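Every chain is named by a letter (A, B, C, D, E, F, G and H) in the order it is written, and numbering of its residues begins at 1.
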Amino acid sequence: MIFNDYDRIVFAGDSVTDMESAQPVGEGLFDNVGRSYVRIIENMLSAVYPEVHVRVTNAGIGGNTSRDLLARFDRDVVQLNPDWVSICIGINDVWRQFDTPAMPDYAVFPEEYEQNLEKMIAMIPQSVKGVFILSPYYMEPNREDVMRARMDEYVAICKKLADKYGFRFVDFQALYEDYCKIRHSSYIAWDRVHPNQVGATLMARAFLAQCDFDYAHEVQK
Amino acid sequence: MIFNDYDRIVFAGDSVTDMESAQPVGEGLFDNVGRSYVRIIENMLSAVYPEVHVRVTNAGIGGNTSRDLLARFDRDVVQLNPDWVSICIGINDVWRQFDTPAMPDYAVFPEEYEQNLEKMIAMIPQSVKGVFILSPYYMEPNREDVMRARMDEYVAICKKLADKYGFRFVDFQALYEDYCKIRHSSYIAWDRVHPNQVGATLMARAFLAQCDFDYAHEVQK
Amino acid sequence: MIFNDYDRIVFAGDSVTDMESAQPVGEGLFDNVGRSYVRIIENMLSAVYPEVHVRVTNAGIGGNTSRDLLARFDRDVVQLNPDWVSICIGINDVWRQFDTPAMPDYAVFPEEYEQNLEKMIAMIPQSVKGVFILSPYYMEPNREDVMRARMDEYVAICKKLADKYGFRFVDFQALYEDYCKIRHSSYIAWDRVHPNQVGATLMARAFLAQCDFDYAHEVQK
Amino acid sequence: MIFNDYDRIVFAGDSVTDMESAQPVGEGLFDNVGRSYVRIIENMLSAVYPEVHVRVTNAGIGGNTSRDLLARFDRDVVQLNPDWVSICIGINDVWRQFDTPAMPDYAVFPEEYEQNLEKMIAMIPQSVKGVFILSPYYMEPNREDVMRARMDEYVAICKKLADKYGFRFVDFQALYEDYCKIRHSSYIAWDRVHPNQVGATLMARAFLAQCDFDYAHEVQK
Amino acid sequence: MIFNDYDRIVFAGDSVTDMESAQPVGEGLFDNVGRSYVRIIENMLSAVYPEVHVRVTNAGIGGNTSRDLLARFDRDVVQLNPDWVSICIGINDVWRQFDTPAMPDYAVFPEEYEQNLEKMIAMIPQSVKGVFILSPYYMEPNREDVMRARMDEYVAICKKLADKYGFRFVDFQALYEDYCKIRHSSYIAWDRVHPNQVGATLMARAFLAQCDFDYAHEVQK
Amino acid sequence: MIFNDYDRIVFAGDSVTDMESAQPVGEGLFDNVGRSYVRIIENMLSAVYPEVHVRVTNAGIGGNTSRDLLARFDRDVVQLNPDWVSICIGINDVWRQFDTPAMPDYAVFPEEYEQNLEKMIAMIPQSVKGVFILSPYYMEPNREDVMRARMDEYVAICKKLADKYGFRFVDFQALYEDYCKIRHSSYIAWDRVHPNQVGATLMARAFLAQCDFDYAHEVQK
Amino acid sequence: MIFNDYDRIVFAGDSVTDMESAQPVGEGLFDNVGRSYVRIIENMLSAVYPEVHVRVTNAGIGGNTSRDLLARFDRDVVQLNPDWVSICIGINDVWRQFDTPAMPDYAVFPEEYEQNLEKMIAMIPQSVKGVFILSPYYMEPNREDVMRARMDEYVAICKKLADKYGFRFVDFQALYEDYCKIRHSSYIAWDRVHPNQVGATLMARAFLAQCDFDYAHEVQK
Amino acid sequence: MIFNDYDRIVFAGDSVTDMESAQPVGEGLFDNVGRSYVRIIENMLSAVYPEVHVRVTNAGIGGNTSRDLLARFDRDVVQLNPDWVSICIGINDVWRQFDTPAMPDYAVFPEEYEQNLEKMIAMIPQSVKGVFILSPYYMEPNREDVMRARMDEYVAICKKLADKYGFRFVDFQALYEDYCKIRHSSYIAWDRVHPNQVGATLMARAFLAQCDFDYAHEVQK
């Protein structure tokens, strides 16, 4: 497993990351870390590797676009001295193009999206051991759907930047593509975005698959 | 316009019809009639034809399948002595097949759906001047989507019965099919089912199109 | 239809415009745009002309007089770069003269009212394509009623200024005068001011009548 | 002053009588007796005639028509063994004719209204020392207003029955007719029905004027 | 009646004056003026003398001692440009001596009380037409009770200052002394301080008795 | 100390006993036993005699007169198989005579009070080891006060019955008589009835004084 | 994996099973299934084996002892026609012996506990494919602690019955014994009973370990 | 008894001291002083020594570590001019080491704890008559428990400093050690930290045992 004792992971994102976490960032007691995939990652790390203390910090805020996240990236990510950084942003960048089409300034278009990501990446300190790029997604199997097609552009940007910088990449869009071949998207999310706990579990598993996480791990006695 | 002074229309349905209406039925003062297409139909009738008093009763209850509606059809529709009856049911019959697939008794499959509709139709008194069948729908343009494909079966049953009995038929599925060619479904409903006020307006217009409703009507002085 | 793609209309006003809109201005998702005639105008534009994106912004605040609106006109209207401006103000200017007669500073008398309107008009940028003056009103058919008589003075000022500047003028007082010949004012508003959804629909229709709005419009395919 | 020590007055009525009183009837501690003219009558009796204990019971329920009041008249008035009975009903009988014109069964028309009153009167026990008929009203000075004109019919029925049976009659319609010559109805009630505390005071004074109430009374020491 | 058209009376005080009034001062629509004797004074003035517009402003704040009132006297009284000023303060000055005896700084002792009153009086502008001193009180008939005995000292100071400056003096202590000979204090207030509506009525009557108020006044037509 | 391991004491009473206890009876976890003297008795027993398990059940209900308590005495006391019974009732029997003097049926006069107590006593099973009569009280040092004088009659009845049956008697009236010579009643209760936690402590101490309770007791190790 | 398509598992239990599930039983949409280990089991089954539909029903109710569960076992378990039954009960049976020691009838002692379990087992229909006994526990590593020692008796009874009937046995006590060697119990639960999400995850993993659950399972395409 | 008339005691601490007290400090009327041992100390002082006015101020804030308390010690303790100071801090310093082990900066380790206490002690003015150090505690009888063992280090620091400066020392750890030999910790607190009212009573008694408090004290008449 890639995390060391007392490593800190900061998960930046939007409502998919947030899910009732404390604001602006949440961790520790009670439900401060929220109910998203972040919570499930922490649960699994603590349940399977109790001998390794991993500090999990949720820096998701609902409704954020990449523009919003960039504006608070220093305060909510960099200043926290993370050992690992995870970024999952872009859904609202795309969604606003379709649900409030008369207000184009609510949306973030691909060119700016890529720039925003680049600016965030540039802010990440050298001391960080690893970065995760978690793709945005739309649980729409039909690639012809205009919002899905647009989302694919953002997923591609994520993948391009992850490759460019050697970051770990988690493709949530591909995850849901596969899953929805078996169960309909409405099983996970009526709105095809906000996952229920099954969806959050799927996302946590995909994340942990990038972390050499071993479900059969047992503490050496 | 087809309605006469003091005609009563009862709109039976599920959450798409209900939208915060009084329970089990709502009409008259305050927001008793709810915020769905029913409210907008009443608004348009009262605004354009103030000289004709049409009593609009909302008998929608959120979450209902055709099985639920059948169970209360006598109390909530027949006993109210309607002059016109509108039925819009079936979305939950289908949805439960996909969002809770392990609980098949929550869903209503096509054969039972048709029987339920037939039983309701048989209960409608002779005195009723006209019946509207409003199709269920899923704002999914991709006809290959399994839930959309399944919904189309229910729409076809609606159309078949409307034809069989000479009822007015409003095809909400076709309505959204057309609209979503121009604006993405997320503009109307994130979950592709529960419409915002624009969607409710679209549905009210489609209903009124079956009623010889004239937007340019003016009261004779 | 007079609006072009991506035009922005800002509706300034009091509670009749506001009706639960986000404060100080509301637009876009959820119920931010409120439940007044503004919402219904947006519904109709989006339902009938989906190919034209019109940005509708509600800048109404309950209880405002023209003095209050003037004080925030720069922030809530001018700074938003509207293409079209709608002003519906004056009811509270008059009402306070009658419901709190011992506190004359709560009211705005005709001379100041006209000045306030003039000052707002002077602030509207040249770039604005058109201005709507929506008259205040009191749903009181009896022109001898002292509050109705006073309101008529304000309506006349609105009309005078609309004529002077070539603005579109919507006469809500005349609208209700006509409607109340058929249905009693208590059908629309117990207090003869705050309209229910039928009243809001009447007002939206009167507004759209000034916009070359065609209810039979169909999108060219 | 006409009331004797330990007399009980029961005030039957609708929301104008009720105004937050305990349901179905209220009296005694806290705000059980509500905030209407009933409360002010009790205040004045207790303040000016503390040596006389008058039991004041509020049996008003908001929204009641004469039909509703008749249905509960035995339980809420007769069974309480009143020494004096006050009836103030009819506003909703009329209002529903105008605010929900498509639902005529919500309203009570003059013939039934008179019958309902007659039936209530017939139920009043012989032991009752006196009965007050308090007229319904609409704070509309214009007698041509259709709702005002209709209300006048109900006022006339009240007066007729009061004369027929020798009951004390309080003409609230005349009271507001006079008052609104000086202050506009919106000073008392935006909706011309539900009075503020000034209106409740006016009504209490009109009631006490029928009771040989002496504001200058002083307790003999 | 001593008040002229458009006179403004500002009532300064503690919870006995406040009783849910808007903070820091309340007047006009809704329940802004609270539910204390101030509300009843306004009701009586408006009901009996509708042709005279008297502006009634409630500047009471619950829990205030004379020290607290002095600290806000400029903002809440002087700056409002009153024509008449009423001061009713001192109950908390005394009460804190007995209910929190270990915290002497919560209380205000007689010497400071008199100074506080003198300072407030000195701040009242020359333009004020008249000042009312309303005595504090404790509804305790037993003059030997230590809190009653202490309260009598404050009442005496009020009377002394009213005499010194020629102000109108309303002796609430004497009022309740008399009333409680007939009805027990628990009829008015379980805590012998916060009056119910009967108590508020008693206090309003005592105030109006200083104003040449004529209950039989009728508007000249 | 008189209580044995697993003895159960049921405290019957009104709001003075109740103080937010679970309804109709409360004991055990959380705040079920309320915040009155009952809670403090339980605290002291458990803190000082942890080796003795005493079950403390609060059967107080706010507003009860002896008539109300008698009506539920079987359900709330007898059926619980108490080993010890405590009865503290009568304050409301008296209070209603003074705070709602026009409604004499709300009160319970001395003759009935005594009968009610006798009836409750007759219902107490033989198996009960001991009975406590806790007197009602009014924290009014002035014995001339009419409510205090009346309360003394009820206290005398309590004492008489306690003597007659050999019950333990706790004289709360005497307790407060003494205490109020040092601190004013408003330190304990503004309304002279509902004690704060200091008052509850005083009452618990007076109760325990009847129980051979030793504050210096230490568990034998 | 042992479950087949459309198998139904009913989880009976107390607050540890319940954790905000719908009452009396919860399953399906929203958070009906609660937030306990039951939710996590469902998440894992659905995430890893989406091709197998397993119906997961939460029949836990907070505060239940085995006596309470037995009383509703027919309604909440047997009547639901489960394919698999899981029983996790006993914590409150023990806890009440220690947190409310004076009320022994709140607790269930070992003999009755065993009988209650036997009675429930006898009610399970033959058609059930398998039964899980999940042991109660107290996260107290010190086996000398009296509550831990007592709990061990109940765990032993569970194990004995599981062996006797050939049921699957999950030893939560052993699970926490091991885990608390590494992290202190306060990391999972301040009260050593109600687990946070990490604890719920540990319990779900222990359950799934009895189900041939393969974390590396992939759907065959 | 060691306290003199008008002495003020300020109790600094965390949630164990706070228990719903007013923030940041609470005293006097209503429940401002909270529901902890502080309230019970005040109750006992006022009940047994009413002739001595002791001002009891609760300066506890839930969740505080010694680091948090030090940061506000000047504002919440020193500035209040106490005659006596009580400090009860450290539970959260320890707890965070175990319930959020991955976030070491939430905890305060022994060295810093001692320094924090020393800094607070240095801030206490010379005028203070006496200081109480109340030890932190964990109601865990097993001294091998890692959190209990760690807590013992903090208790030892408290004792060391109390000895060094001649302060009164109350050993809550020893108190619960003894008590839990008779009743299980879950009788006082499920989480072994936050006491119920019995626990608060135990703590108050231990405090008063340091104050020459005589339960049998009677006021000299």
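Operating definition for what follows: contacts are C-beta pairs under 8 Å (C-beta built on N, C-alpha and C of every residue); 3 or more make two chains touch, one makes a residue touch a chain.
Since this is a predicted model, take the numbers as computed values, not measurements.
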(message) In terms of touching chains, how many steps apart are subunit B and subunit G, taking the shortest path?
(response) 1
(message) If I rank F-H and D-F by number of C-beta contact pairs, which comes first?
(response) F-H
(message) Quick check on the interfaces: B-G is repeated by which of E-F, E-H or F-H, going by over half of contact pairs matching?
(response) E-H
(request) Compute the distance, rounded to whole Å, between the mean C-alpha positions of subunit A and subunit H. (result) 44
(message) Quick check: how many Å separate the C-alpha centres of subunit C and subunit D?
(response) 40
(message) Just the number, please: Cα centre separation of subunit D and subunit H in whole Å.
(response) 62
(request) Scan subunit A for residues touching two or more other chains and write them down. (result) 99-101, 183, 187
(request) Using the contact rule from the top, write out all pairs of chains that touch. (result) A-B, A-C, A-G, A-H, B-C, B-D, B-G, C-D, C-E, D-E, D-F, E-F, E-H, F-G, F-H, G-H
(message) If we count contacts the way the header does, which residues on subunit E are in touch with subunit H in the complex?
(response) 99-104, 106
(message) Using the touch definition from the top, list the residues of subunit E that touch subunit F in their complex.
(response) 95, 98-101, 141-142, 144-147, 183-184, 186-187, 190-193
(request) Over in the complex, which subunit H residues touch subunit F? Could you list them? (result) 39-40, 42-44, 46-48, 50-51, 179, 181-183, 187, 197-198, 200-202, 205, 215-216, 219, 221
(message) List the residues on subunit C that touch subunit A in their complex, please.
(response) 6, 8, 27-29, 53-56
